[in-house]
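In what comes next, chain A is part of two complexes: it sits with chain B in the first one and with chain C in the second one.
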Partner chain A sequence: MQKPRTVRALVIASVALIGLTACATGGSEPETSDDILIFAGGEPDHLTPGRQTVAFDQVMSVFSPLVDLDAEGNTSMLAAESVESDDATTWTITLKDGWTFHNGEPVTAQSYVDAWNFTAYGPNAWENSWELASIVGYDDLNPAEGDPTTDAMSGLTVVDDLTFTVELVGPDSQFPLQLTGAQTGFYPMPEAAYDDLDAYDREPIGNGPFEMTEPWKDTEEYTVTAYEDYAGPAPTIAGITFRPYTDNLTGYNDVLAGNADLEYLPTAKMTSAIADFGEDHVYSLQAPGVDYIGFPLWDEKWQNKELREAISMAIDRDAINEAIYGGLYAPANSLTAPNMNGDPAGICAELCEFDVDAAQAKLAEAGGYEGTMTIVYPGGSGLDELFEAYANQIRQNLGIDAVASPTTDWAEYWQSLVDHTVAGPHFGHWGALYPSQQSTLRALFTEGGGCYLCTGYSSPEVDELLLEADASQTLDDSYEGYAAVQEFVLDAFPTVPTFSATYNYVTSDRVVELPAVSGSPVLSKIVLAD
Partner chain B sequence: MRRPGVVVPAAILLVLLIISAFPAFFAGLFGNGDPRVCDLTRSIDGPEAGHPFGFDVQGCDVYANVIFGTQSSITVGVLTTGLALLVAVALGVIAGTRGGWADMVISRLTDVFLGFPFLLGAIIALNSVAERNVWSVSIVLALFSWPTLARLVRSSVRGVANSEYVLAARTMGLSSARVIGRYILPNAMGAVIVVSTIMIGSVIVAESTLTYLGIGLEAPAISWGLQLASAQSKFQMAPHLLIFPSLFLAVTVFCVIVLGDSLRAAFDPRRTA
Partner chain C sequence: MIRSLSQRLLGLVIVFFGVTFIIYAMVFALPGDPIRALGGERPISDTTVAALRAAYHLDDPLIVQYLRYIGGLLTGDFGTDFLGRSVGEQMLRALPVTIVLGLSAWALEIIVGLGLGIIAALRRDTWIDRGILITTILATSIPVFVVGVSAQLLFGVRWGILPVAGDKAGWPVAFILPAAVIAIYGLAVVSRLIRTSMIDNLGMDYVRTARAKGLAPSRIVGVHVLRNSAIPAVTFLATDLGYLLGGAVVVEGIFNLPGIGNLLFSAIRAHEGPTVVGISTALILVFLLTSALVDFLHTLLDPRIRHD
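On to the complex of A and B.
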């Protein structure tokens, strides 16, 4: 089941980049209620937590995760009373008492186990199935051939109404982090959901701070309101209207005019957002995503490590950040984003620093470069200026005839990686769903990791080091372990880390405070002006 | 032919033609002639000495880029029209002189092509070509612009083919090729040339439009359409990015169309100046 995982992660990446395409309703009638937030976003794909891939904000407002994150990436228990393990392999999850779904049904251990099994069940082909892949029995539900003979994972055991255990295929100290909000495959579903899954997808019944007031209809806005009996911390606003826009620039203007309250900032507007909105209403949120340049490592020409290092040192990340991203991104100096727990900042050292002389020396060491260097990126994603800048810098600083070349669309770019036909250095992005270095390193630098194609790099040593880090008994130990992985990978230098992404939002004057976790606003805690 | 409607646009176009033939020389007039020397730290800075049009998003000299853009735009305009004219004359002459089933087939073929919405057809065709450079864009544009010309050629050729001097030439036993080359074509081309001139203008607009939409020329080509596309999101902060390429584009197209109109007036015996 590697494929859905890969595709999904890339979809996330592309969505983040394209900047959440959005709507059609064209509605901008003045909102009467003072406490309803109008979210200018994209059209959801699904509202079932096990299925959505682009409706994070929508789904995360209707559901609550077991484990919560704070702005610093620390975990605290939300729907769970505790998540504990002695060996990091078998985890006992105890639920808080008194939680109910919006239809009044109590949230029990069975609600979780049933939902996870249903999500993981291969024939259902639910998009977020891969998130559960490290649970024992997942493979039985997703056999390589034929139909599964069971519909339950053997690693899940209900102990009592509020307790269940999860057995993982190997020790993994990061498991609690995997239970946080953006991994929506770990959400529970009420029994009522299974009666009519299509209807549920339109009007999900969750355990979260807000409940649906009406079913979602294609391209139309809908509103969720605060759930009275919510057992978690009460939301600070009365509700949210999710309004989809087909053109995010229209949404941008609507937020600017005060017709909507919050939107993901389109890349094209990054340099002008602060002038338009003022510093108080542009939020640059540290996101668990990384941008990098990948290489066709199967091609002998690109197996030259010095060449890749020369390219890295020839790129002036600070200048690009200022000119293209209006200073809103952060130049990368490790393989993971700075807000990842234990990110070994600066581990890339001089290889990620702009130094023309050193870059030229590296190029000479590499034996120079003959011919045209085609740098490939997916077209239609607003990446043109960025890659134009990369090409300009490589051309001017290394004297290589570098050309930035867009593919027609995302699919063509992806296919060129699958087919090994990509013409040269290429775009890369990984947006992690939980703030653990594990997510990024495993995905990009192991063969079974989900985005092996993105980098084309793996090695037995990396696999070994990662398993060691995963098995650490404490989080602090695991950070050291992941740092060792980064050191090893950077020594081979298969990719050029370029930026750690920020997810940027603009808000109307009504929004006084926009709390955020892992790069995404926490809608239930937004503070609106009186 | 001394009227200002001909002389002024013709002079301007001549200058633009010379610019597009020697862009490097003109771009270098202010000392920063390489459109690919870019300094990101100067991104969207305004005009200054040595950089009369300022800097673009990438920190490249806008003046040099606009001058080099002249070359792409005019090349596409002339190349497309040339290709379309070639096809149109070949088919138009066959249809006009042969008549019969050849005429019918060719006329229906032009009808079919005229039935395609131009922009939609071009968008689909351009999306399916592997590499979008001056040649491929010109060929695609020519593919959808020859039918109008072909119809015109056909009707002019038919008009001329029945005239007495052509009959006389045929009676003298001259070969068909000679009759067509010596007597029919030269007399049938007047109106065609006029329409072709105007077409150059509309082709340049079409190329810029398609490029602006992201389906015409693509980097590393230097084109006004690309410059406009990159300028649109920065217009409020850096209007110079939009103004200079659009100025060149507008002037070029305006001159071509005015010239075409004036030529039409000059060639048309029914209209007096």
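On to the complex of A and C.
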């Protein structure tokens, strides 16, 4: 008569087990402060400025750039007293006195030079190394073959505690813009960082408005609080809690319920966000990015310019914008985003306008299209609806058998571009890190430029025109110069500009004001309700 | 006895090496270079890619990489992912969350499933029985994603009585919704199994004898019938425990619980061989243990079953 208790024992045992394990994970009491903003985001990759590629918000709250940007893309000095040059090639950077890292170490010229050298040093394999590529000596640190023989760039010279000079490989009037916040490869690091870089990656010591209060642990939220001795303008909030979500729809629901304050709006919710949150709590910020369709230009079939133009004119950007993005995106009519300084809006003209008759005429001119057109995009990134829409419009308006085909993930997508195996027209996007047309044009249309593999297009004329524009003495001259680059590239039409994205955010009722620069909220200036 | 034990151990070793190698090879064979995907929508420069590939030995042949990994594993080192994080530490952090979630769901399956099954069997062919039948069929046919998101919107966002997501509130509050969502399928199965086999057993001679002897109905049902009807449900529950401890990818994602399922999902997406294999190895061990548990419980419940 003892065995029959098995079932009951099973139940009791399992309940007891749960009780035990529950102790193991027991949640600590949440810190509740009225002035702490809860940021619902993704999991960071790194918190070291030279390494992060997806943790901009986190890193930019702990560090301050040399040069600040306002909402209109104008620069002002932040950590720097001045950034000056007579010939646009050799730049003298003077730092403001009195700035300290969160551990009390003073921020000096050496802090910058050491950090830049370390970030640029090839064998370290830091992800943002390329941002420093136009400094003289960068190539010595990144030789095509073998190990570098030096670990310092010859173009960097410390003059005194607060002054250093930077020699660029050529004249570049846009250099001060490159020193702004999103180019995190240009941030300084304190000496303490080099003692234990792994620990530093978890708990970076910066020169910014907020300091870390605890090391970041995988998949766990952490809080940064206002740095008392910050020498820049004091932040409007007491701190930020960065809470990672694996599913951004969950974060969306958490903001909706008031458990978090700010989240990047998931594409799937773009059409319903305003109904859920009301107009006041959905922010549509003009992004510095452009979306386009690229082509396998190494394939003879795609070297036909009229075919590419036909595709561009067959896409009804306005209809797609309304249907998928709730009208929040802007149809593209130039190669750069509208908030790039001096963006030549409308330069793409009729080639970026929806016109079925003209598109069909172009297709006839191109000699038609045989077979299936496979349009490739990285899967699992919320792009399915967009590419289905592209394929539909090409099918309906040009009568081409077009299909949208996702890769498994980003890895496979990039590999297909590296290996030249991509099956047809493909996804393309470039998010500029500073508001100069230079960032986009250089990245996409020059061989050395970061995203050359995204378009596969370059030409000596483009290089020439870009150098000319870079060397301009005034900003207005440079705008004309970049417009000339755009005109030349659009004449060859290697890519189809489609949208200029907006970065959209939803906020809880607590957020009263969301100041933004280049499409990203400035967390240190957010205004919370009392 | 010793022979059967050593056979089992040998089998375990073969399963261990076979499965880890197959999984490692599968992750290795995924198309694309994981290093290139580290920057997401921004490509990473060729020199950085080359340096990182060298640092993680990605240019070595599959077998060399695998042996290096197994070598580390045997010394207790689960390796690092492509961001330089220790896989062992990540698993240690994720496991408690999944164990709590899995056991909570399991307890719900047992308590609610058993209860519904017994009621349905005793009230056979009444509206109660039919109600339970319809509810459980409905519950098993709605995708877990739909149930999860709806539950989150209703209980978390609209009524605000339970947390929307995260494990900050601790057990049990933070785990009620996700565990209930996971348990729905299992408890439906348990209740069907219990009902069917109890109805069979209730018609048996020994039940009539017990009734004739004047035994209390609660004792007849609670002890004799239930025990003899429990085998199918216990078998299901034990294997289900294996699944539950394997982490619930969808539910952990919806409720933002940093458990094994979430870790596995992001590791597969990032082509993190060491992480995927590490988790799989842990899961294999759980499955082997639960299948041993099933065998043991069978003999306990029904002495006629013998494992020699």
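In this section, the second predicted complex is superposed on the first by the 499 of 530 C-alpha atoms of A that agree within 3 Å, B and C clash if a C-alpha of one lies under 4 Å from a C-alpha of the other, contacts with A are read in each partner's own complex, and residues count from 1 in each chain.
Assume a contact is a pair of C-beta atoms (placed from the backbone, for glycine too) under 8 Å apart; a residue touches a chain by one contact, two chains touch by 3 or more.
Quick caveat, the model's predicted, so the values are computed rather than measured.
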| item | value |
| --- | --- |
| Contacts of A:T408 with chain B and chain C, given as first, second, both or neither | both |
| Contacts of A:V54 with chain B and chain C, given as first, second, both or neither | second |
| Partner chain(s) touched by A:G380 [first = chain B, second = chain C, both, neither] | both |
| Partner chain in contact with A:F186 - chain B first, chain C second, else both or neither | neither |
| Partner chain in contact with A:A275 - chain B first, chain C second, else both or neither | first |
| Which of chain B and chain C A:Q396 touches, first, second, both or neither | first |
| A:N259 touches, of chain B and chain C: first, second, both or neither? | second |
| First (chain B), second (chain C), both or neither touched by A:N124 | second |
| Partner chain in contact with A:Y227 - chain B first, chain C second, else both or neither | neither |
| Partner contacting more residues of chain A (chain B vs chain C) | C |
| Where chain A meets both chain C and chain B, residue numbers | 380, 408 |
| Touch list for chain A against partner chain C, complex | 3-4, 6-7, 10-11, 14-15, 17-18, 21-22, 24-28, 30, 43, 45-46, 53-54, 122-127, 129-130, 142, 144, 198, 201, 217-220, 243, 245-247, 249-251, 253-254, 256-257, 259, 380, 407-416, 418, 429, 431, 450-451, 453-454 |
| Contact set on chain A toward chain B in their complex | 268-269, 271-272, 275, 316, 319-320, 322-324, 379-380, 384-385, 388-389, 391-393, 395-396, 403-406, 408 |
| Sites on chain B touched by chain A in the complex | 36-38, 40-41, 43-44, 57-60, 127, 214, 218-220, 230, 233-234, 236-237 |
| Residues of chain C that touch chain A when the two form their complex | 30-34, 36-45, 47-48, 51-52, 55, 83-85, 89-90, 93-94, 96-97, 99-100, 103-104, 106-107, 110-111, 114, 149, 152-153, 156-157, 160, 163-172, 174, 223-224, 226-227, 230, 234, 252-256, 258, 262-263, 265-266, 269, 271, 297, 300-301 |
